[in-house]
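One structure is given below, encoded as structure tokens.
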Amino acid sequence: MKEQAPLLEVENLNVRFHLRTGTVEAVRGVSFSLGRERLGIVGESGSGKSQTGRAILGLTPPPGEITADRLTFDGIDLLSIPRRQLRNLRGGRMTMVMQDPKYSLNPVMTIGDQMIEAYRAHKRASRKEAREKALEMLEAVQMRNPGRVFSLYPHEASGGMGQRAMIAMMLVTDPDFLIADEPTSALDVTVQQEVLRILDRLVAERGMGLIFVSHDLRLVSSFCDRVLVMYGGKVMEELASGDLESAHHPYTRGLMNCLPALEGSAHPLPTLRRDPAWTE
Amino acid sequence: MTGTFERTQTLREWLTDNEPSSRTQARFGRAYLSWRSLSRNPLAMLGLIVVVGLILVAIFADQLATQSPFIGGDLRTERLQPPSAEHWLGTDSQARDIYSRLVHGSRLTLMIVVLVTVIAMPVGLLIGTVAGYAGGWLDSVLMRITDIFLAFPRLILALAFVAALGPGIENAIIAIAITAWPPYARIARAETLTIRNSDFIAAVRLQGASTPRIIARHIMPLCLPSVIVRVTLDMAGIILTAAGLGFLGLGAQPPMPEWGAMIASGRQYIIDYWWVATMPGIAIFVVSLGFNLLGDGLRDVLDPKAAR
Amino acid sequence: MIDIRDLSVVFGSGNLRVEAVKGLSLQVAEGESFGLVGESGSGKSTVLRAICGLAPVSGGTIAIGEKPVSVPRKRDFFATVQMVFQDPYGSLHPRQTVDQILSEPLAIHRMDNRDKRIVRTLTDVGLGPTFRFRFPHQLSGGQRQRVAIARALILDPSVILLDEPTSALDASVQAEILNLLELLRKEHNLTYILVSHDLAVVAHLCDRMLVMRNGTMVEETDTEHLRAGEAKTAYTRALMKATEGFTRAEPATRTELQ
């Protein structure tokens, strides 16, 4: 990629939840910028990785509070634009694929109708055009029979099929930027590969920016160009995925070492020693 | 933790300790947390005050009542008197002090409420959990019986039972209890269905626990909160049914100061002497509302699904 | 120790008939750790549930320690065979303290010295007595799973069935639980059957394993053969590949992007 303004710029992002029991700081001072590339955010539960993705799209659930020195998408300040405009942007130029398609698809509408609706909400198009576009998209996610999938209800689709349909639906508006939050964690490992390959190809073909949020360090580093490692709401380390072996932060190293490997691993497995200083 | 440190701990710290050191502490800690969230709800607290107030009035009725609830004054001069310094809420057609009758009537109301709960709740809970856990034909039989009871309006069914058993406060209570359990059975069954296939029930089965043990020790405690909530919400209805039976002359018999019967006796004077029927009406309204508010608050505290 | 021959499990009947397990046989020696690998719907968890009587056995035999299991299982069976479930959030009673959870099996089996046993088992699983009176909601996922392991362990069984014991946990917690399971097996001379979708986890904990798909066995192999890359079937090779993370089918796409 040549010199180009980054697609997404995040500077000192904080997400706080003011609860009865006190304030929880879910994300603390996260900064990064994203071009038309694949960025992975890795962390364990409670690391703030998902909240980072949600905050960018303005999907932080109440009573969450977002602050940032800078949060821009293609030059648009996401923190100050009106909510209506943000909604237009979201689902249009930036979208999100979530973990389980069962919970993110409308159960009483067919997959096709939902795609048409999504398309027409953001593009001026006739129903016929939208339908063609939807079928085209279903074909792009390698559905063997797009016409049949089009008229299925979400519960009639298998896990992998549902997730591919979800990807098709999210990409039907030709977004520039996609957040995939654990998109394959609910899938079987063999199906996972297939879905990731489709996602990979689409992102590459369309030159989209992608943030891939996952707990799986191996998966993220083999899929993405760069990886942010998060812990306790903070970024521990940013790495090019090829440099994973030379990671120097103890948390990243600990995460890598504690996974059992097929080729053989230490008995007992090295465990992660958490240093309270990491989150200070 | 050393002994000296424990002594310097405040009660509050002891209750909210994340590492309780005894069964009692764990139990009290849990109760304290429930209490704290209930006490944050002003309406629920209002309901609680009303219910506690009812209990206190019932206990101290003899001290609180200014006159006898049964024997009135001079029928020529003291009948149907409006509220005054002497008779705070006026007198009824038998020249009895309405305030004293209301105070003593709280005992009857409380007795109805307690007895109905004691009879209907265990029955409903048992039938519901057994039906839900056993499934199959037993479930069908128990639930069809429940449906039959649910199909009749409560007051009509209670009327039929009282007609069969004969009028009187005891029979009224039994009749109300018989009509009150089906909703609890339904709730307990629905709750049981959601937990019977959970891993923690499978785990107890794998420890060799018998079916009665699983139902009594593992399923019932989880169904209890929602049933308790439903019972408190139903209290208003139970009081009204009892009052309705009293109003129809099938519940408490004269001269018992039952609130419904008091309204019934005031009915014929309602235009000229409004207070005779209105005062017990207000009492029924306040107590019913109190139970309702408390039930609503308890639902937020006890029902994990409604919370957060 | 465990001898399963020609096991089949069928749920429902008529149109709803599902054959979850078809003609599966496996033998596990005493003190051995045996793996069952497969994806969702492969029937691997159903095998475990059939062993302990939570799923109906429609054909074949199951024997534990030379003796065929009785139907329904008797109390002494549960003193020999215990199970640890996948989801530590769903496998602990939400309104019982750790103490109550661990007392229950002791009460059912009328064991004595309950206090001592509870404290000892809690120490065995690395929790310690301070955890005894906590409720599950006061524990982390890893701590809950330790409680679940303690519950399985407290009756001193000789066989523990592990149903995806780490798949709901973070990677670093998974390592701790795997270490604990390995340690406990040595200390208590336990026999394990471990069910998992993750070949790496199974290879770490087990010497021998069975790969399952759609209720039937695909291949029986051992860790040495796997490490040497000698998987017989394409399916096993696909599973092996998946443990390495994502692999691009056509490396061309990557250069196109840059």
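Note that the chains are named A, B and C in the order they appear, and that numbering of residues resets to 1 at the start of each chain.
One rule holds in what follows: a contact is a pair of C-beta atoms (placed from the backbone, for glycine too) under 8 Å apart; a residue touches a chain by one contact, two chains touch by 3 or more.
For clarity, every value in this text was computed on a predicted model and none was experimentally measured.
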| item | value |
| --- | --- |
| Graph class of chain-chain contacts, one of line, ring, star, complete, other | line |
| Pair of chains joined by more contacts [C-beta pairs], A-C or B-C | A-C |
| Distance from chain B to chain A - Cα centre to Cα centre, in angstrom | 51 |
| Averaged-CA centre spacing for the pair chain C and chain B, given as whole angstrom | 47 |
| Whole-Å separation of chain centres (CA-atom averages), chain A against chain C | 31 |
| In chain B, residues with contacts to at least two other chains | none |
| Multi-partner residues of chain C (each touching 2 or more other chains) | none |
| In the complex with chain B, residue positions of chain C that touch it | 52-54, 73-75, 77-79, 81-83, 85-87, 90-95, 97, 99, 104-105, 108-109, 130-131, 133-135, 138, 148, 151, 155 |
| Residue ranges of chain C in contact with chain A within the complex | 39-40, 141, 170-176, 178-179, 182-183, 197-201, 203-205, 226-227, 235, 238-249, 253-254, 256-258 |
| In the complex, chain B residues that touch chain C | 18-23, 25-26, 30, 198-200, 202-209, 213, 217-218, 221-222, 304 |
| Residue ranges of chain A in contact with chain C within the complex | 1, 37, 44-45, 159, 188-193, 196-197, 200-201, 204, 207, 215-219, 221-223, 254-255, 258-265, 267-272 |
